[in-house]
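One chain, subunit A, appears in both complexes that follow, with subunit B as partner in the first and subunit C in the second.
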Partner chain A sequence: MIDIFLNAARTIEPNAVSEEKQHGKLVVGYTCSYLPAEILHAAHIIPMRLRGIETHSLEIADSYYGPFICTFPKCLLQLASQGSYHFLDGAIISTGCDGMRRLDECWRKAGSDYHGSLPSFFHYFDVPHKRESYAISWFIEEIRKLIQHLKTHFNVKITDDAIRQSIQLYNHGRRLMFELDSLRHTEQVRISGAHAFAVSVAGTILPRELFTEQLALFLNHVKNTNTIMGKNQKRLMVVGSVNDDLELIELIEQCGAIVVSEHLCFGIRNEDDLVNETGDPVAALADRYLSNSACPRMFGYFSERLNLVKEKIQKAHVHGVIMQNIRFCDLHGSENGLMEHALEALGIPCMRIEREYGSLTETGRIKMRIQAFLERIES
Partner chain B sequence: MRPELSEYPFDWMLWRSLISASRLKHGSEKEYQSALRYIPYFKGVVNTIYNMGSPGQKFLKIIETYVERIVTAKENNRKVAMTTFCFSPALLHAMDIVPVSLEPMTVLGSVMWKRGCLDYMDFCTDIGFSETGCSSQRGSMGAYLARAASEIDFIVIDSAGVCDTNSNAFSFAATYLNKPFYGLNYPATLIDDQTKHYHRDDYRNMITFLETHTGKKLDIDRLREVLNQHAKQDALIHEIEELQMLVPNPMPVTYNFLIYAGRFFFSGVSLYTELLEEMLEIVKQNAKQGKSGLTGGQEKLRAFFIYIDHYSLDLKLWTLLDQRGISHLGNILSRGFSAKAPYIKYVQNHGYQIDTSTLDSMIDSITEINARMPMVRSIRGPYDLPHMWLEESAALAKLLKADCCVYNGTPGCRNTWSNVKLIANDLEKHGFPTHIMYGDAFDERVESWEITSTRLEEFFTIRGLL
Partner chain C sequence: MTIIAGCDVGSLTSKAVIMQQDKILAVEIIKSKAKPQESANLVLENALTKAGLKLPDVQFIVGTGYGRDHIPFVHKTMSEISCHARGAKWLVPSAKTIIDIGGQDCKVIKLDKTGNVSKFIANDKCASGTGRFLEVMARMMNISIQELGEVSEKSKQPIQFASMCTVWAQADVVKYLNSGFALEDIGAGINMAMANRVSMLVSAIGIETDICMTGGVSKNSGVFVSLERILGHKIKKARKLDPQLAGALGAALIANDQIKGRA
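Showing the complex of A and B:
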């Protein structure tokens, strides 16, 4: 039952997406959790959060990006340029952070060097860094521009009713995800951190109807399982920058801990609140996505993020927090520094890991550090 | 941080160094030369500044006054705002708020002290700030975070949407120091109606923030005075910029630095106007005589810096350029993009106007000035779109008859390091040999000045420019 989620989380082009594609469905990739995927869904397009897994070299990306840049956007560029994203009908680049927003130019330039690597629909999506009323108005305009561009380019209809229906479907999926997450908070954990994380990542990849349907079944299965895990194991939380790599979570769990909560760029942190299902659906989306200050790209909201993490620590009875960030991610790198001080002051052990994005190129080093961290918690 | 550095406040030490430097010429030349023997690491920068003649001395006075205001703010009952170089200080001066602009303060430490601001940079890392963050903030910011500098009251910046690394540094400082924080946020576009409205709303909201935290209303007369002074400064700068297009360029090599540093310190304040007046006179005299502003009198090459300069001890970049006969045509920091600027019609003609008729028109004017500050104007959106980095760099390089372009920055600059290879390729296609410097403008541990300068000279040689 978990297989469909694992397949989605472990591959660039999951089977379920390929099948839909064969039936003529359009797929548009996007780079940041601040993109309201409901808009694409309302246009009968599969929204797919872009990921850099399956990258084996950065030889193309390094010739566009400079050396002091996070490896995540570089991996995306590498995959796009080498044709791994051939199945995309479009891509939306958001202003998640400076490195990510410059993927716009790098991809466009690579597109002219590597024929066919640039999807015909390519959109720059500006997202405010604050949430005052005038920022929300700006964001509403950005969403409307996106809607207009999608309509014109793909000759699709995106009605308010369709957006409302998409919001309802997404909200339903969010509720299921909360429920699954809450099952990790109990003393007797019924799902591993790696599997729970696979579900979260798959939520950004799979066609939403399929995801929701499968999640409901999986949730039922987990509720009724007799398998209990995490007994006498240290309960950890993983926070920080972009990570869609199941292997990191698996590695932590192989070291003898269980991951019971996350607050990562991918995953449950972006699903923490629901979109208002009444009123103007575009305004509702703008309000919900911008009021989500879970990412340090929203400057000046550290205390809210800290409170959110503290709340999760309490709910999930966390013994220690692993804070990871990709090298050159200054936003999460600094945030982790502040958070470490604040949490350690409360007696919550923390460990910071700076690493490269990708399929655990540094497994040995990271494993040793996790083991040392667990020893510290034990003592 | 070394304990001795916590003994004396960073800004106080800068201030005392500047006072001493400005007094060095009070005696005879012989006394001056003797004094230099006792300041082996400081004499280089002192000499460079004094060699600028009267504008150099005036500039020393400007920075001394700037730092003195910070150090004495509390005894004068004035609020202190930590801010950034790309935020126009004009509004703060109009509201009687003392600005501490971190990057220029880091520059002062870097060019004046052999130790630079490295200890303060490291302090930031010690307390959890990302070591890959931009050194321009990390330098002086470390001193303020270590409480080894004057106390600040609040933080106001304008880099969200423009430079995450910058915004992130200040937002870190606000959390660490537990100070109120306001960050202006810019959309990716510059001139459409939606953006203009957004600029106005956000800027006005910031004024409310400043009024709340100072307990004072924005004084209309004072704002008018500052803006009038600003307009006067713009006019002087435009005249210098007009003359800078001549071949040979009559502008002494260091004047670009004085222009932008002066703007960051005292936009809208008469001290800066006086400096510009003196500089203009010298540039005019040189132009009249058809003379190059370079010390050697012969201009061999004209270089346009597309980003920032290199601030190693003693302002060595400028010495190198001067010695090699290379005119410095300015960089991203140099220009303000007023509607009356001589280059504005070449960059799609969207400059700011200064209208002092009503409070509203003045706030709109200062809002648009701020929206065109370095970086804020041209790296907010994709670099190859209208009004952005490529268009600006190519147009200015052409207009100023540059022979080549040079990029220098810091490894902490995610924004430009994400597309500098692209813009370099584009500038080459425009016919400008372009060099990318890999050092750090504020931290020579990344790459020593000797290596940086060797590579720069290699570029000039290999590309047949010198």
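Showing the complex of A and C:
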């Protein structure tokens, strides 16, 4: 039952998406959790969060980006340039951080150097870094610009009613995810961290109807399973920058711990709030997405993020926190330092890991650190 | 007679310590082989021969080091962090901060009042600040690592290296050698560059005295003295045993705990 989620989480073009493509469905990739995927869904397009897994070298990307840049946007550019995103009908780049913003320029340039690597629909979606009323007005304008571009490029209708229906469907999925997440908080855990994370990642990849339907079935299965995990294991939380790599969570669990919570760029942290289902749907989306200050891309909300992490630590009975960030990630690199200091002062053991993205990671060194961290917690 | 052992399979050297409770019976250090299991078998066999023992005589063995998961005869594996912490505490009981510089990485470990690891930090995927850095530089200068430590003691004007990157520093060494600079000044500069790199890790975690150093590089007097100067604190020398054996010693002490726990 987990297989559909694992397949989605482990491949950049999952079977379920390929099948929909064969039936004429459009697929548009996006780079940041601050993009309201409901808009694409309302246009009958499959929104797919872009991922850099399956990258084995950066020979192309390194010539566009300098050496001191996070490997995540580099991996995306590498995959795009080598044609691995051939199935995309469009791509939307956001200002998640400066490295991701520059992906817009690099990909456009690579599009002229590598024929066919730039999808015909290519949109730059700006996201404010604050959530004051003027920022929300600007964000609403950005969403409306995106709607207009989608309408004219793909010749599709995007009505307010359709957006409302998409919001309802997405909210339903969020409620199911909250429920699944709550099953990890109990003493007897019924789902491994790796499987729970696979579900979260799959939620950004699979067609939403399919995801919601499968999640409901899976949730029912997990609730009724007799398999109990986490007994006598250290309960860990993983926080920090972009990670859609199941192997990292699996590696932590192979060392003898269980991951009971995350606060990562991919995952449950982006599903924390529901979108208001009444009123102007575009304004409701702008309000919900911009009110989410879980990512340090939002300036001035460190205390809120810290409280959020503290709340999760308490709720999931976490013994220790692993703070990971991709090397050269300014946002999470500095935020992890601040958060480590604050949490350690409260007696919560923390460990910071700086790593390369995805399959470029060297697991041996990370494994040693995880093992040492667990020994530290146990001593 | 309870015999326990610790086996530390590192990237450059493999070490073994055989103990009978708190007494060290035999130690061994060899150059690591291509396969960790080969290194582990050989180093333990040599140590056992020295002690006049055979493998079945050993009740509990703890493995550590980068090759720990491939050691065939161990009963338990522990990370290098925990083993070095334990070994260093035995060697220097007052130690609160441990600087361990091995062949391929460098770690700084802080201990709490009870001697448990309270914090650690390690360098990432970079040769600078590791034994490998010194090995490469010594090779460039056509001297041994041992000599690299000794020559710098004679230096009056250490060279300041612009980069701590192993590749760039290598190019600088060639430049200074060709320009006729004294070997001792180049050597002292290398040790200083190494100490600078390590001091960054120490500063990141915060110094708490007493400080002690373990790992093969701790035997390089040039790095040792430079580090003392940069940190502004004396570093306690491990006198009871070769500090390169701290990881294997810690592993043996943890093996002893395991036996006691069973009793």
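We take it that the second predicted complex is superposed on the first by the 378 of 379 C-alpha atoms of A that agree within 3 Å, B and C clash if a C-alpha of one lies under 4 Å from a C-alpha of the other, contacts with A are read in each partner's own complex, and residues count from 1 in each chain.
Here is the rule we go by: a contact is a pair of C-beta atoms (placed from the backbone, for glycine too) under 8 Å apart; a residue touches a chain by one contact, two chains touch by 3 or more.
The structure displayed is predicted, hence computed values, not measured ones.
Contact with subunit B, but none with subunit C, is seen for A:138 once the two complexes are overlaid on the shared chain.
Once the two complexes are overlaid on the shared chain, A:368 sits against subunit C while remaining clear of subunit B. Applying the stated contact rule after C-alpha superposition, one finds that A:376 touches subunit C and leaves subunit B untouched. When the shared chain is aligned, subunit B comes close enough to touch A:63, but subunit C does not.
Comparing subunit B with subunit C, the partner in contact with more residues of subunit A is B. Counting contacts by the rule stated earlier, residues 327 of subunit A appear in both its interface with subunit B and its interface with subunit C. Contacts from subunit C toward subunit A in the complex involve residues 66, 77-82, 105, 116-120, 122, 124-125.
On subunit B, the positions that touch subunit A within their shared complex are 127-134, 160-161, 163-165, 167-172, 174-176, 181-183, 185, 187-189, 194, 197-198, 201-202, 205, 381-384, 411-422, 438.
Those residues of subunit A lying in contact with subunit B across their complex are 63-70, 73, 95, 97-99, 102, 104-106, 109, 124, 126, 128-130, 132, 134-135, 137-138, 141, 296-297, 299-300, 302-303, 325, 327-331, 333-334, 336-338, 340-341. Of all residues in subunit A, those touching subunit C in their complex are 327, 344, 354-355, 362, 364-365, 368-369, 371-372, 375-376, 379.
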